[in-house]
Amino acid sequence: MSYSTKSPWIIHYDGSSCNGCDIEVLACLTPMYDLERFGIVNTGNPKHADILLITGSINEQNRDVVKQIYEQMPEPKVVVAIGICATSGGVFKKCYNILGGVDKVIPVDIYVPGCAARPEAIIDGVVKALRILEEKSKALHNKGGKVQ
Amino acid sequence: MNVLYLVSMIGYIVLAPIFGLVLAGLDRKVSARMQRRVGPPVVQPYYDVRKLMEKDQVTVNKVQDFYVFCFLLFIVITGCIFFAGGDLLLVVFTLTLANVFLVLAAYSSNSPYSQVGAERELYQMMAYEPMVLLTMIGFYLAVGSFNVSDILNGDKMPIVTMVGIFVGFLFILTIKFRKSPFDLSMSHHAHQDIVKGVTTEFSGRTLAYVEIAHWYENIMLLGIVFLFFCNGTWWGYVIGVVVAAVSFFLETFIDNSFARMKWQVALKSSWVVSILFGLINVALLIWVF
Amino acid sequence: MTRSHEVQEITEISYSDLLVKAKELAEGGYRAVQICATSKDGKTEMLYSFDKDFKMINYRVNVPSEMRVSSITGFFWSAFIFENEVHDLFGIEFTDLVLDYKGNFFKLSSKTPWKTEAKKEVQ
Amino acid sequence: MGSFKIGGIVLSSAFKRPSTRLYPTVPRKWQDNTRGHVEIDPEQCILCGICSKKCPADALTVDKAARTWTIDRMSCVQCRSCVESCPKQCLVMKNEYTSPNVKKVIDTVNIPEKVKKEE
Amino acid sequence: MYSVFFLLLFPALMAVLLLLVKNDKLRGVIVISGAIVIMAASVYVALEFLKDGTTYFNFESEMLDWFMLAVELILCAAVIYLGMKYKKYLASILSLVQAVFLVWFEITYAHEINVLNNLYIDQFSIIMILIIGVIGSLICIYSLGYMRDFQEHHVSEKDRRPWFFFLMFIFLSAMFGIVTSNNLMWFFFFWEVTTLCSFALIGFTKTEEAVKNSFKQIILNLVGGIALILAIIVLGTQYDVMEFDVLLRMDSNAMYVMLAVGLFSIAGITKAALMPFHSWLLGAMVAPTPTSALLHSSTMVKAGVFLILKLSPMYGNNVVGYMVMCIGGLTFLLASMAAISQSNAKRVLAYSTIANLGLIAACGAVGTYEALWAGMMILIFHAVTKSMLFLCVGTAEHHIGSRDIEDMDGLFSRMPKLSALMIIGISGMFLAPFGMLISKWAAMISFVNSENLVLITCICFGSAVTIFYWGKWLGKMVAVVANSKDVEESVHKEEWVVLGLLATLVIAICFSFPFISSEILSPYLLSVFGQPVNPIFATFGIAYVCVLLGMLALLVVVPIPFFNKTKKKVRNNYMCGVNNGDNQSYSGSMGMSVNVSMRNWYMEDWFGEDRINKIGLVLTTAIIIVAFVLILGGVTS
Amino acid sequence: MGKRTIVPFGPQHPALPEPIHLDLELEDEKVIRAVPSIGYVHRGLEKLVEQNDYQIMCYVMERVCGICSFGHSWGYAAAVEGLMDIEVPERAEHLRTIFHELSRIHSHLLWLGLLADAMGFESLFMHCWRLRESILDIFEKSTGGRVILSFTKIGGQFKDIPKESLAEIVIILENMRKELLVVTNVFLDDTSVKNRMCGVGKLSKEDIMKLGAIGPTARGSGVNNDARCLDLGKYKELGFKPILETDGDCYARCKVRVREIFQSIDIIIKDVENIPEGPVNIPVKGMPPMGDFIARIEQPRGEAFYYVKGNGTKYLDRARVRTPTNANIPILVKVLQGCYLNDVTMMVMTIDPCISCTER
C-alpha cells in the first residue's frame, strides 16, 4: 500500500473563481468537515503537496502560475478541479478572458462539480483522488524511479 | 557504568523517534480536539514521513541534501551525547551546529522564502541561546557538574534551586518546539507569512529528515526538562517524566492560545526572560545557595 | 413608498469641463467612487462618480474612442485603478496617469475586448 | 489585555465532542431546499428549448430533431433558472449533487414522442 | 640564544633589502625566500626551547639602549612632524608627551636600574613566535600577489611596494621583539615600532580616509604608549624594577604594583583595540587587506592581549582584574552585537576580532589557570583562522570587486575553492568541532568557576549574537545561485598556496590541540601558577576530545557521498508561482520581469554601530575611571 | 547598504486568501516599497450582458463573489428594478435585509477566521469558522445553497421564508451570541493578537478621505460611508446607526467588524419582528427601457456600486459593478509602505480584499 493515501498533503490554488468554491475548500479544513481526519494538511507550498485543489477557471494571467505550481509538485501528484468554474468555466465560460476549465493547461484527475462545490462533494472528490494517487504512486515505484 | 550509557545511547537512537512520533501525533490530535475537530490518527506523523520517503526525489540544488542530512545527524549526535550522560555544554554546542546546518540548507536553496526563514531561524537561535546556556550553567552551579550522568545521580533535585531557570527554559521551549507565539521561521501551519520558511524548498526525503530530526530533538529537549527533577531516586525520575509530558502538552495548549507574535517580540521577550529568570537565578545560585 | 432607493442624477458635461469639475470636487473633499466606460459604435461614454457624505455626483463625458483622455489621478490618486482598467479594457489612453501600468494592469487573452468599432452592429 | 483569552474555549473544547460531521462515514441528510442536480421528467417535456436559453452556463442542449434533452453535469451551476422557466414544470432540482468523477459527465435523456391530446 | 637574535635581526635586514629592490621579480624571490627562512627559524626556535621551558638571556649593551632611544626619538619626531603636517595636533602633542617621559626616565632612572635578563623565551613566547613566524611569513608571501593586483588597480600612483614590504618585515622583527623582551624598556621600544608600522600601513593608500584613520590609530595607541611608559616609570621609580619576570613575582595588591598593572592593562587594551579604544581597528580596515590580516588580527593586536595574558597572575579578584574582565566581557558582547549591523566583510571581521580580543583579555583577567588556558587557546585559533579569513576576503574582493557580504551571494558557485576555505574559516570561528568553540567552552567553564556574573552574562549573550552574524554570512556564501560564472582562475598562485596552507593549519591545529595543550600550554601554566593540572583533560576529559575529533572527522567524511551522487531531479525555486524559470527573476507587477535579490538582516535599529559604540564607550570609560580612582585611592581588592 | 531583498508575494501564497501579487522590496523585513498587481482573477463577466438577458444576468452577478453573493444579486436586481421602475414588495425588501445581514455575519466571521489564520492563530481560526457554519446551515436550509444562494431575482425573492424558519433563525442567532462574545473577545483583548494589530497599519481620517477608502476599513478610521444609511433595504426603518472607530489601525478595523457582527444580529432580530406578511415577488414584464440607473449597497467589505444601462431590449448595454475592494486597493499600497513582512498579511487582511469582485 502506498503511504501517499494516508498522508495526502494539499495545496489550494484559486484560479479565477468567485471565492465560493474557495471558501468551501477552506471550510473543509475547519471543524465541521475537518479534512485532517484523513491526514490531509494544507501545505500552501507546491513542493510539499501531493494534491492540487484548484478552484476557478483559467485565465490568461494565471495560466502560467497554475502550470508552474503543478510542475513544482513532486510526483506522484493529482489534480482535483473543484467547482464548475474549474471543470468547465461555468457561468464565465463565455467570458473573453476565460480559457476554460483547468484541464486546458494541466491534466485534471478528478472533477468535482457544484457551484459552489459542496464540502461533501469536495471530500468525495479528494477521497476519489486518493485512489488515483495510490495508482500513480505504484506506477512510479514500478518504474524503479526510486528505491525505498 | 559505561555499558549502561552505551545502552541508553542506543536506546535513544531507537526509541526517540518512536516517542517523538507519538508525541507529534498526540500534539496534532490534542490540537485538533482543542479546535473541536476530530484530527488525524495519532500515528499520522509516521504516515507523513513514510509518504515523504516514497515521493519522487526532487531538489533545487545538489548540496541541500548534504546540509539537511547533517542536521539530522548532528541532532542525533546531540541526543546521544545527552543520553550517554555527556556534558551539557557539549550538547548545546552540538545542537547549535545541527541547527546551523538546517539554516545553511535553507540558505543554500537561494530562494526568497527559504532565505527569510533561515534569517529568522538564526534570529531565533540568537533569542534562545542565552537561556539555553544559562540553563546549563544553572545545572552546573546547582549540582556541581556539567555532566548529565552526575546530574542524574545527584542527590538534590535541581528544580529546588532552579525554579526561575525552569520557567525560562519552558519559555524558550516554545521557540524550540516551533509553537505559536514564536513559530516564526517555519511552522506546521500553512498560512504562514513566509510560506514554509526554512523548509520551503525541501521536499520528499529531505523534508522527512527534518521531521525525524524534530522528533529526536523534541525528545532531547524533554530530556532536559526531565533533568530538572532528577535526584537519583525512582520517584524523582517519575516526576521528571510526568513533568516532561505535562510541559509538552502545555506547549500544545500555548500553541493554541496564542497568535504568532511579531518577530521583534521573540528576541526582546526571550532576552528579558533570560535575564529576569535565568540570570537572576544564576546569581542566586552563586551567591545564596 | 414607490422606490426603495434614491435615483441618481447623471449630468452630462463636455470633455473640456472634466478636469475643472474634478478639481472642484477634489477641493470640495469628494472621493472618486468609480469610473465606468461604455463603448458603443466607436464612441465611449465615460461615467465619473464622486461622493461626499452620501451625496453622489455623476458626470457623463462622451469621447471618441481614439481620443486621449486626461487623467483625473492628479486630483484623485486612487482613480489610477479605474483608469488603468479602462485603458486595458477599452483601449482609452490617459494622459498624465500617475501610476501607469502601461497596459499591464490585466493580462488579457484579447486586447481591449470592450472596444467597439464605429460601424459594428450591436445586438 | 491579557493572555490565554481563548484558553477557556480551547481547554473545554478538548473535552467536548468534536463538532465534525463525520462525512463520508456518516452520510449527510440534505435539507429540503438543497440544490443538487437537475432532473427531467421526459414524459412532460415538449422540447421547447426555453430551459436551454435561460441557462446561464450553457449546460443544456435541447435537440428537437433527435428528441434529446442533454445536460452537461460539469457545467451546470445549479442556479435553478431552467427549473423556474420551464413552461411545463418538467424540471426539478434534486438534493443530491452530481458526484465527482474522473471525466466530465454528460447526461442525455431521450424524450418520448407524445400522443397529441387536444391542443 | 643566537637563534633568537637571528629572529630579531633577520626580518629587519630583509626589510632594508626590500626597500632597495625595485624589481618585481627579484622582490618576489626575496620575499619568498626570506619568509621561508623566517618560518624555518621560528620553528627551529620553537623546537629548540620547547624542552627547556623558560630561558633567559642576558644580553647587555649600552650601545643598544642608546640606539633604541635614538630610534624612538626619531619616530616621535616623525609623528610630531606628520601631526603638524596633517593638522592632527593631538597626535603631535601626545607624541611629544611620550618623548618627554621617555627621555626623562631614560636619563634619570633607567640607567641606574640593573637589568638581569633582557631577553627570555618561554612556552607562551614560543606560541607567539610560531604565530608571527608562520602566519606572518605566509601573509608576506600572499601580499606579493595581492599587491600586484593592488598596483594594477592604482596604476596612476607611484609603485610604493618596496615601502610596503619594508614595513611588513620590520614589523615582524618588532613583533618577535615584543614577545621575547624581558626588559620593559625593550618591550616598550618594540611596542612603539609596531604602532608606527601599523600607522604607516593604515595610511598606505594616502587617501583622505586612510590618513584620517591612521591618525586615529596613532592617537589612541599613543595613549596606550604613554600608559606603558608611565607603568614602566612607576615600577622603575618605586621598585627599581624593569623586568617582566620580577614584576610577575611581585604582590599585585601593593598599590603601586597595581597602578603599574593597571597602566599596563590600558596599554594592552589600546593595542588590542578593546572598548573604549576600539575605533582605530575599524578605521584600520582601509589598509591593504594583508595588512589587516597580519597586523590587525593575527599579530599586532595580539600583542595587546599577550601583555594582558602575560600579566594574568597579577589579575584575579582585584580592581584591575575586574576592570579588565568587565572591559573584555563588554567588548566581547558589544562588538559582537555591532558586527550584526555590518555588511562590509572587513568590518565584520574587525568587529569579530575586537570581540575575540575582548574575550581573551577577559580570560586573562580572570587569573585562573583554566581561564588562561582558554585565553591562550582562543588566541591561537583566532590568529590562524582570522588571518585566513582576511586573506580570503582580500582575494574575493579582487575578483568580485566588492568586500560587501551582500555581494558574496552564491560565492560558492562563483569561487568554489575560495568559498570552501572561507566556510572553513567562518565555521572555525563559531561552530562546534572547531577550536574556537572548544576554547570558548573552556572560557565559559572558567567564567562560571570564577563565579563572575558579568562575564557569564557577556559570554552567554555574546555567543548567541556571534551565531547570528557568522551564520548569516555563512548562509550568503553557501547559497547556490544559478548560472553563475566561475571567476576563480585569475587568483594568483601565491595566494592559493598561502590560503591552502592556512586552511591546513586551521584544521591541523584543531586536530592537534590536545597536543598543543599538553606540550606547550600545560608546562607554561605550571610554571605560572604552579598547579600541575592539564586543564583540557581536567575540564573535558578525554572522551569529549574524542567526540569532538570524531565530529570533525565526520564533517570531512560525510560530504563525500553527497557531493558526488545526487540522482535527484533539480527543479526551480518556489516563487509564488511566478518564477521565470531561471531562479533569478519572476514576472512581477506592471508586466515587468523583476530580479529577485536577497539581503541579510542587519537590524540597524537594534544593533546599529553608532548606538552600540556609544553604549560601549560610556560603559567602558566609566569602568576605567572608576578603577583608577579606586587604585589611586588605595583600594585594591 | 543599497541592496534590498526583493521578493514576489503572491499570486500563490498560503497567507494570501486570493491571488494578488505584490513586488516587495524589503530591508531586513521592513517593506520599503510594494507594487501590487492584479488580474489573476479577471474574467470579464460584465461583458456577459451581451449574451445573457437581464434576468439571467442576476445569476452571473451573484457570482461576482461567493462570499457576499447575496449582496451582489440584490445590488444588481435593485439597479435593474430601478431602471425598470419596479416596486418590490415590502416582505421581499425585509427578507433581503435579513439575508444581507446574515451574509455580513458569515462574511465577517470568515474574515475574522482568516485574520486569525494570518496571525498563525489556528485555534481561533477554527472556532470562528465553526461558528460560521451555523449561518451557512441557515442558508442551506432556507435557500438551498451554502454560499451561492440564488435567492434573489428581479422583482423580489424566489420564495418566501416561512414564519417558523424566521423564528428559528432568531433562535440560532441568540444561541450563537454567547459563544460569539467569547470568541470575538479574543480578538479585542488577547495580548498576542493585539501585539499583531495595535498600531499596525495606521490610516488617518485624511488618508481615507483622500484615497476614497470605504467599508469597515474607512469606518476604522472614523469615516462613515456606510451605504446602509441610504434608502435601500429596511435599515432606516430599523434605526440603523453605523459603527465607527477612530484609531485607524488594524485593531480598529477588526473592532469595527466584530461590533458589526453583533449589530447585524440585532438588525435581523428586529427585522424578523417587523416583517409584514405578503407576497415576496412581483411578476416582471417587459424589457429594461433606454436609460441608466445607479444603485449602491453596503457589502460586508464596504459600499458596492452598480450601474446598468438599458437599451430597450432584453440585453443590457452595460452592467457595471464597482466593488468595495476595488476602492480599497489604493489604501493597500499606501499602508504597506514601512510595515514589516509579517505585517503584510495583516495589512492585506484588514482591508479584507476580495480580489474576485475587484476584477470581476
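In order of appearance the chains are A, B, C, D, E and F, and numbering begins at 1 in each one.
Note that in this section contacts are C-beta pairs under 8 Å (C-beta built on N, C-alpha and C of every residue); 3 or more make two chains touch, one makes a residue touch a chain.
Because the structure is a prediction, the values reported are computed rather than measured.
Participant: Chains touching chain C and chain D alike, please list them.
Facilitator: A, F
Participant: Counting only C-alpha atoms to place each centre, which chain is farthest from chain C?
Facilitator: Max centre-to-centre separation from chain C belongs to E.
Participant: Which chain has its C-alpha centroid at the greatest distance from the C-alpha centroid of chain D?
Facilitator: Of all chains, E has its centre farthest from that of chain D.
Participant: In terms of CA centres, which chain lies closest to the overall middle?
Facilitator: Checking distances from each chain centre to the full centroid gives B.
Participant: Express in whole angstrom the distance between the two chain centres, defined as the mean CA positions of chain B and chain C.
Facilitator: Centre separation, chain B to chain C: 59 Å.
Participant: If you average the Cα atoms of chain D and of chain F to get two centres, how far apart are those centres in Å?
Facilitator: 27
Participant: What whole-Å value do you get for the distance between chain C and chain F if each is reduced to the mean of its CA atoms?
Facilitator: That gives a centre separation of 24 Å.
Participant: Which chain F residues touch at least two other chains?
Facilitator: In chain F, residues 5, 7-8, 11-15, 29, 37, 39, 42, 44, 47, 59-60, 63, 123-127, 130, 133, 145, 148, 190, 192-193, 359 touch at least two other chains, as defined above.
Participant: What are the residue numbers in chain E that touch two or more other chains?
Facilitator: In chain E, 571-572, 574-578, 589-590, 596, 598, 601 touch at least two other chains.
Participant: Give the residues of chain C that touch two or more other chains, as numbers and ranges in rising order.
Facilitator: Only 101, 104, 106-108, 113 qualify.
Participant: Per the touch rule above, enumerate the chain pairs that touch, sorted by label.
Facilitator: Chains touch in the following pairs: A-B, A-C, A-D, A-E, A-F, B-D, B-E, B-F, C-E, C-F, D-F, E-F.
Participant: Within their complex, state which residues of chain E touch chain C.
Facilitator: The touching residues are 589-592.
Participant: Quick check: in the complex, which residue numbers of chain C touch chain F?
Facilitator: 1-8, 10, 29, 31-34, 36, 38, 40, 47, 49, 51, 54, 56, 58, 76-82, 89, 101, 104-108, 113-114, 122-123
Participant: Under the stated contact criterion, what part of chain A meets chain C in this complex?
Facilitator: Touch residues, chain A against chain C: 59-61, 96-97, 99.
Participant: For chain F, which residues are in contact with chain B within the complex?
Facilitator: Where chain F meets chain B, its residues are 5, 7-8, 13-15, 29, 114, 116-127, 130, 190, 192-193, 195-196, 340-345.
Participant: What residues of chain E sit close enough to touch chain A in their complex?
Facilitator: Interface residues on chain E, with respect to chain A: 571-572, 574, 577-579, 587.
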